[in-house]
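Below is a structure I'd like to ask you about.
Chain naming follows the written order as A, B, C and D, and within any one chain the residues start at number 1.
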Amino acid sequence: MIQVTLIQIDNYGPWTVTPGPRAEPDLQALQSRLYGDLEREFGAHGGIVFFNRFDNLIAISNGMDYDDHLLIQKSIRNRYPITISMGVASASTPIEAQKIATKLIQDGGGAQSEERCEILEIDSLASEDDSQVQIAHIDIDDITGTLTDVASAYDTSLVVYEVLVTLMKEFEAIGGMCFFIGGDNYMAPSNGITEDVLRDTLKSVDKKTGVTLKAGVGISTSAGRAADLADIGLEDIRAKSTDDSVIFLDDTSSY
Amino acid sequence: MIQVTLIQIDNYGPWTVTPGPRAEPDLQALQSRLYGDLEREFGAHGGIVFFNRFDNLIAISNGMDYDDHLLIQKSIRNRYPITISMGVASASTPIEAQKIATKLIQDGGGAQSEERCEILEIDSLASEDDSQVQIAHIDIDDITGTLTDVASAYDTSLVVYEVLVTLMKEFEAIGGMCFFIGGDNYMAPSNGITEDVLRDTLKSVDKKTGVTLKAGVGISTSAGRAADLADIGLEDIRAKSTDDSVIFLDDTSSY
Amino acid sequence: MIQVTLIQIDNYGPWTVTPGPRAEPDLQALQSRLYGDLEREFGAHGGIVFFNRFDNLIAISNGMDYDDHLLIQKSIRNRYPITISMGVASASTPIEAQKIATKLIQDGGGAQSEERCEILEIDSLASEDDSQVQIAHIDIDDITGTLTDVASAYDTSLVVYEVLVTLMKEFEAIGGMCFFIGGDNYMAPSNGITEDVLRDTLKSVDKKTGVTLKAGVGISTSAGRAADLADIGLEDIRAKSTDDSVIFLDDTSSY
Amino acid sequence: MIQVTLIQIDNYGPWTVTPGPRAEPDLQALQSRLYGDLEREFGAHGGIVFFNRFDNLIAISNGMDYDDHLLIQKSIRNRYPITISMGVASASTPIEAQKIATKLIQDGGGAQSEERCEILEIDSLASEDDSQVQIAHIDIDDITGTLTDVASAYDTSLVVYEVLVTLMKEFEAIGGMCFFIGGDNYMAPSNGITEDVLRDTLKSVDKKTGVTLKAGVGISTSAGRAADLADIGLEDIRAKSTDDSVIFLDDTSSY
């Protein structure tokens, strides 16, 4: 089971324009700080946070319980002008866990509700026995040589975001999620997706977008450890230790 | 003339995997901090930074000269384990300025060159007389009611990123650029794009993606002030002070 | 047993002036960030960090083991231009634990050694059974009315730092430590110091410095929880629920 | 004339315990972040901030006007759960400027007033013609060999803070101020203090505390540049280019 936490800033839209519109550089600094802090806070417990839309962040939180979440929620209130609500759910696929987590938040009140404040709802936690996180770290083959060093910065970005949207769609279709993590890198929580299915998915995206993707995949009991394994796998491919576009590394016995 | 600064982390890819892959939560915290800091540094001089791909950031830097950039470059070296290179160029359209800025960086050495370190190249600065920044702040009409509060968090994000890619393409075709700034918000440096062309562009994106976009547009001598005006324009539309999907606010006499 | 971690930046002095002196605002930002980050990292595991001299920080780290420290050490390396070494020791008094921790660091190489890098030495960890942290939160009675609102900012600070030095000396004499934590607040890890001894110590400082001190004291298995209890105790005194200048709150059974 | 800005968090004491006491690690992170941010904000305009007591910070702000301060004040409100008030004054000595700045803040309302919010009062700004900042960067001779590498961390800190208090008093007596900036370093805004007087002051502190102090002194039109010169002077002494314990570097013509 993979455990997903949806983090939503309470009543953020209205706050950004009250009493008048707040300066954009301040809001950008606020959002990037909040993301960086949440990344550190979840990271201290083996979790990983994806910035997603910055006001709605998605974390893989296996191993973290109610108290761990509560401490983070309080800490944000003590250091930021805004508060956050969180919904936590576990399921056999990332997309399903995320759906349940979203529902918890929505049932607690709208994103622009003045009443909702610091909801913390848990549908179910991944137990120690069945906790498992599969994460794919995907990147574009030789983006430096084919794009960054030859195309304009904007054109390179356009390709990177087109690949993102295509990956997001294809992963959703097979039960996963995919997030942009900077540069030409993507991370896909992908429990239940096999090597064959993943290889086909990457090839399908290659075809649609014109790039060549590769992926290291890690499987472990925590998101942090799974991501570490995924990174090692990706490095192995870069080092040409394989012709394959995907490598799976698993440190759980149950796989 | 709009002035664009392309900021590129030196030799970042290789650094992230030396000696072995560095923990992803650390890299994410590093990147978000760097972005937040650059936003503050440029913001202190009236500029705005867009995170773009996080390792390649794009700033609108009208009013900032060589020394302003140098101070920022040194400050990053003193507080981060990485260094940055910058290319600065001004032109009549954002897309053109960005192209020249990219070229400066590329000519200084590849993004994964071990030799290139702290390039700071200026092609041309916008002079006080002809400095002008036009920025559109675009958002999705009632995303809370139509998506955030009813669809899953992931599905909402998918729409937001699809809209982003479509906006990126359409703006490039008319000389502009477009960036995601969180939530359902986009900012488009758009010098030279008229009200009619902008209205048509948004309608075209609406049609392709199924959402309804609106935009406040600010024109001023600095990016910060232009963004402030754009925010006010967007608020006016939200407050239904107009039926139009675009409002232009201009505090320069030359427009 | 109280567990103390001494954190020392490796070869910091030489780094600050290589190749030439680095800008002071940058160094100040670096140091305050490092402190804030370490506070969050240790805080996520129930610990507390005192900034001490900023390049030598002292943490109360009960409940944290080798791996917890290692993760923090690596994370700093991944996000800062400097690295840190750590020595960890537990003892029945704070001052003794700190002495052993210092020795570990010194034996690993000098503070300005070019060779020493990321030492992580543990003398002994407080076991779950005998882990206990006693922390006093001390403040100056009505500093706002007697100093902040009537004296100059500098004169108020002078008093606050004179009180600090006097507290530091008196606490050392009875086996404790005392740190400034901002405003008119001090925190004293004080395992083994009884109510009577603490009351006398505060009175002695009052006499020497002309202020009136009060203290809430918390006793628990972690520094974070002990500090929470100390805060509650201090609030009780402020709320005049007692005439006494000290309140002890203990949530361990062994006391 | 030296220009001083006193920055005070509005109603901070009450906020830290409302509704109940907030977690100390959160408050420490908040304070250190605020300091780091203010250091960057003032630093972007050539200023320097000293953390002082963290809830009352003192900046040397020559070259910064009302709008520069207002932008910072707004930016803090947009990113923090607290707001700040500021008083700005210039005078021929640092201690006098600080006194006037304090008075402005006090007249605006008490430090724990619920009503006072975001006061920004300017008594007088240093004009371009008469702007001058003299800053001494002082450190303890060979603290690594005499203390850090041989004494316990706590004992070393005790000496460092004793030296601080002695410096604070002696500088006040001659019209200056002195602040701790980490490690064994102190910075003293010291307009009007001559080489002879400074040399005698350091010797007096040496005698009272048992350490040996040295100082590089910079004189310029901005605090940042003065601090840079002070750093260079201190490096010259370290490099034994002089037997003297003080070096003055001046890049203004008026001196």
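Operating definition for what follows: contacts are C-beta pairs under 8 Å (C-beta built on N, C-alpha and C of every residue); 3 or more make two chains touch, one makes a residue touch a chain.
Model, not experiment: these values are computed from the prediction.
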What is the Cα-based rotation angle between copies subunit C and subunit D, on a 0 to 180° scale and rounded to a multiple of 5? 180
Could you work out which chain's C-alpha centre is the most distant one from the centre of subunit D? A
Determine the centre-to-centre distance between subunit C and subunit D, using the mean Cα coordinates as centres, and give it in whole Å. 23
Any idea how many Å lie between the Cα centroids of subunit B and subunit C? 42
Would you kindly tell me how far, in whole Å, the mean C-alpha position of subunit D lies from that of subunit B? 36
Multi-partner residues of subunit B (at least 2 other chains): 23, 25-27, 29, 33, 40, 43, 75
Which residues of subunit D touch subunit B in the complex? 37, 40-41, 43-45, 71, 75
In the complex, the residues of subunit D that touch subunit C are 6, 8, 12-13, 17, 20-21, 23-29, 31-33, 35-36, 39-40, 42-43, 48-49, 51-56, 58, 95, 98-99, 101-102, 105-106, 110-112, 137, 144, 148-158, 160-162, 164-165, 168-169, 172, 177, 181-184, 187, 224, 227-228, 231-232, 234-235, 238
For a test of understanding, state which residues of subunit C touch subunit B in their complex under the given definition. 22-23, 25-27, 29-30, 33, 74-75, 77-81
